[in-house]
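See the structures that follow.
Each of the next two complexes has subunit A plus one other chain: subunit B in the first, subunit C in the second.
Entry: the complex of A and B
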């Protein structure tokens, strides 16, 4: 059989296909943990939550780690620490695939971050279709469908999966498993279309992007920011869980009397130190400055990287103050009139 | 190549400029790196005190003088304090140069008006030397605002230029805030080029050919607004006003996100889109100054 851009994986072959993935690396997939989901190492298909909503930490944790040792000091010189493992990320949603592409624009741009690059190159991404919940607004941002950035993408069908092949590597994976796949039929296409239509109609949250960049810029002094300054706790959860937030701090510490390491770890623009420089000057001294900064950063349309928010809904779901991203932007727009 | 790797540089000389600032003259240990290391006035390097941390410092020497480079470091906190304990012969790590720097070529044949406040003198000294060495610029003005006589950075050079600058088409003016016998002595010797006041006072009585002048500003955040007002009052185009800006910086190469400034219509990274920006860019990117 010639593997084309689209093939079908019947339900009865799904498990075998899943098991075959191990040969390409350690498999990580969404797993339910209490009332949240997380990408975890899995051995069997049974552990995977196929219809998860969103993981708390997005897949960025595999590439830009919460805590990451970059260099190790030996005899006064830095040695590069770089152990790369081959991994397979199974069950990534389209918004998160878009999120990774935004990170790519930052970390793979000149000068290339070698740590990020090595991890990206050693990771296979297998996407999976999803149904939106009350937090999702990816459709408004066009990130509800991934055209690139995956190796294989599985779309749910009543009797299996319609598989899109997105890369040479994906093609190889399908090829090795040739016997598990079938040709896509007219019937499958009909089901695929029905699924997409149903999904499209299920979005409850929409972001009005029309002229948003200018409206927000004009609303720099909006009273809405002031109101939210009092609601927001400044905890920085929204940064930690966001697939496109990537600010990091660097610190050196000594692991024993002779060896030190240089480590980077996630930072958040909600922290007072984020804009603080020596001499005590702070470029974003108030919580209002910091709250607004995050919205501006997320709502910037970078001509080369696109919009900085992919509408995954994490910042809403994990905000202890129940602040809703879209609502804030709508209110800022509303207050301008 | 790992962009986070830093290269050994040996301290050739340490000179105390003021009680707070020291001038470090450095050279890379590896002669190959030394040869390849070129930079533009306005660019900066990241200094690496291995095992303690990194911090950005402007290059204050000029690329017209090869074989070494200089950093003027103010002691303000943890790392700069450590740096101040270093001696001739000690080795530190350096990576860079980073940032865009001033467009020295574009400005050739024009007048340069350098406006420095405090430590802002460091990057502008690079421009000053470059301009004097290359001889490719018309008139050079340096307006320098300092707290007191003791705080004047590169004091010997400044006094030398106060004395002999005109012969090199370089007019230096100095404003000080705290009166002292030394300042009064300077003022007597060089009036009206030296006066008590702030840097904007130095504009009094000065006319510039605005069609043919570029202003280059560096100083503490509060200084920019006042200096820019003086320049705009004289109808200097926002595209001819260059400023070098400071932010917290972790990486210097557009990754760590700390230096991001702007709003939904324009986001800039101070480290890679700057640190030199025109006033026009400041008008179109909120929060830049």
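Entry: the complex of A and C
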């Protein structure tokens, strides 16, 4: 649902606005931790890194948790564990909002994942504008601007924030805080446009999307995959940090002699057993198969539905072998010529 | 009740002690297991058939080899516990032939204690489950023993340390700090404890079976400025010559 309404939040009201969010739920925002950023629970605006580049784990972690206890075995019966808390995700970048929408297609379509759905419905998403760094290529994928998928979206202005309202909930928050907002002036819109133009010109990395699916169709046996097989560690870091990776593993653990929990955790298609099926057959037995698979999963399987990549740059930033997503695809394309 | 035996070969004793460190969780295990031999816990010993035998340490003497053969021959299910038993660990990393080593240390090539070159348990007998770690994660052993008691086929870990590191949202010390971390090529299961403390993985659980890519890890560490000899030593500390590049 797109509800267009623009309001302005002057700088001097920003902190009060931030504090008012607590009445809608526990506030989580990007916080600097060593050399990385992470979405953490925050109490004051001072803790928030407003100019963060990207968090290591995407906001996906609030809906599909890295480790999530689903069931508990008690007295020989499985009991469901479903506690849902109201939360506010403050400071989500456009690419991550797009990432959540890709996850929605997987987890909210039939069969609906009840855990994901409940958490999604109890979360308020407040987006924030950003400037690209050397890893970002969201502009190439059209995920650099979110039209929906948020409740409020804050765009930086020299003297405050231009706030786009994107949902009924967003309207409610704006309405309750009406005294904090002003009307948007022509000058604000000019500043907003200037910011977006400057941002648009700042991208250093571009993905050539043209005919990508056809290109991958032809490149299945490309020597480029073989070259990268030797560099890739198969460690799965790219999967763990990806906002659109959606595979999970389910394991049971004993907590005492008669009680157990069923836990699901993120899985990685780089693991040898990921493609292992009954009878011992493995449809992706080698690292080459698995390395190539990731690129097909992100860019090929269903091009009509859009790419399963939002250009956030996490896989590049956290790859120990410094493998670059765009560079791999460029090299594959080049090798076809 | 299942019959359990714990056998120690040559090691620091930590792996057997770590079982006792399960403390109150031990009582859960005693609901299913009767301990027939566990030198560190009791002088009671009953040489009979065992359902599950746990062997820790490396085979470093003729006595070790005989204990191991006994454990294998008298048990249905044999667990090689700890990196000594699964990969050879630090003892196995010492290069050279036993007589040369004796000469270097004692000045004589005589071998009255019948020492052998230290090798992991898995090189002498077939094991049903290999659980590495120096020390191993005691909860992993707990899960394994209850699984066996309930007739559940235990699941082997198939992922590197990096997976658990990311699940815990620890800062990547390799990428972000240039700390030599063997996480990408080391079998997970430790919950990335070293990285939690800001240290690099030292590879104590041995290489990820079949899947490790030490060549690439070697190049990454070289690029970070570590010299080849240092990296080579790091690679073989726990895994002997298993990581080739």
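Basically, the second predicted complex is superposed on the first by the 326 of 337 C-alpha atoms of A that agree within 3 Å, B and C clash if a C-alpha of one lies under 4 Å from a C-alpha of the other, contacts with A are read in each partner's own complex, and residues count from 1 in each chain.
Quick note on the criterion: a residue touches a chain if its C-beta (ideal position, glycine included) is under 8 Å from a C-beta of that chain, and two chains touch if they have at least 3 such contacts.
Because the structure is a prediction, the values reported are computed rather than measured.
Once chain A of one complex is fitted onto chain A of the other, the partner contacts of A:287 are limited to subunit C, with no touch recorded for subunit B. By the touch criterion defined above, A:70 reaches subunit B but does not reach subunit C. By the touch criterion stated above, A:269 is placed in contact with subunit B alone, subunit C being left untouched. Touch criterion met: A:56 reaches subunit C, while subunit B stays clear of it.
Which of subunit B and subunit C touches more residues of subunit A: that partner is B. Shared-chain residue A:254: touches subunit B and subunit C both. In the superposition on chain A, A:147 makes contact with neither subunit B nor subunit C. Once the two complexes are laid over each other on the shared chain, residue contacts for A:4 go to neither subunit B nor subunit C. Taken together, the two structures place residues 251, 254, 273 of subunit A in contact with subunit B in one case and with subunit C in the other.
Residue ranges on subunit A touching subunit B, taken from their complex, read 70-71, 73, 76-78, 80, 106-107, 109, 111-114, 212-214, 216-217, 220, 245-252, 254, 260, 262, 264, 267, 269, 273-279, 281, 283, 295-297, 299-302. If you check the complex, the residues on subunit B that touch subunit A are 1-6, 8, 50-54, 76-77, 80, 91, 93, 220-221, 246-248, 250-251, 253-258, 260-267, 286-287. Note for the complex: subunit C touches subunit A at residues 25, 28-29, 31-32, 142-143, 146-147, 155, 158-160, 162-163, 166-169, 171-172, 174-177, 183-185, 208, 210-211, 213, 215-217, 220. The part of subunit A that touches subunit C in the complex is made up of residues 33-36, 38, 56-57, 61, 66-67, 230-237, 240-241, 251, 253-254, 256-257, 265-266, 268, 271-273, 287, 317-321.
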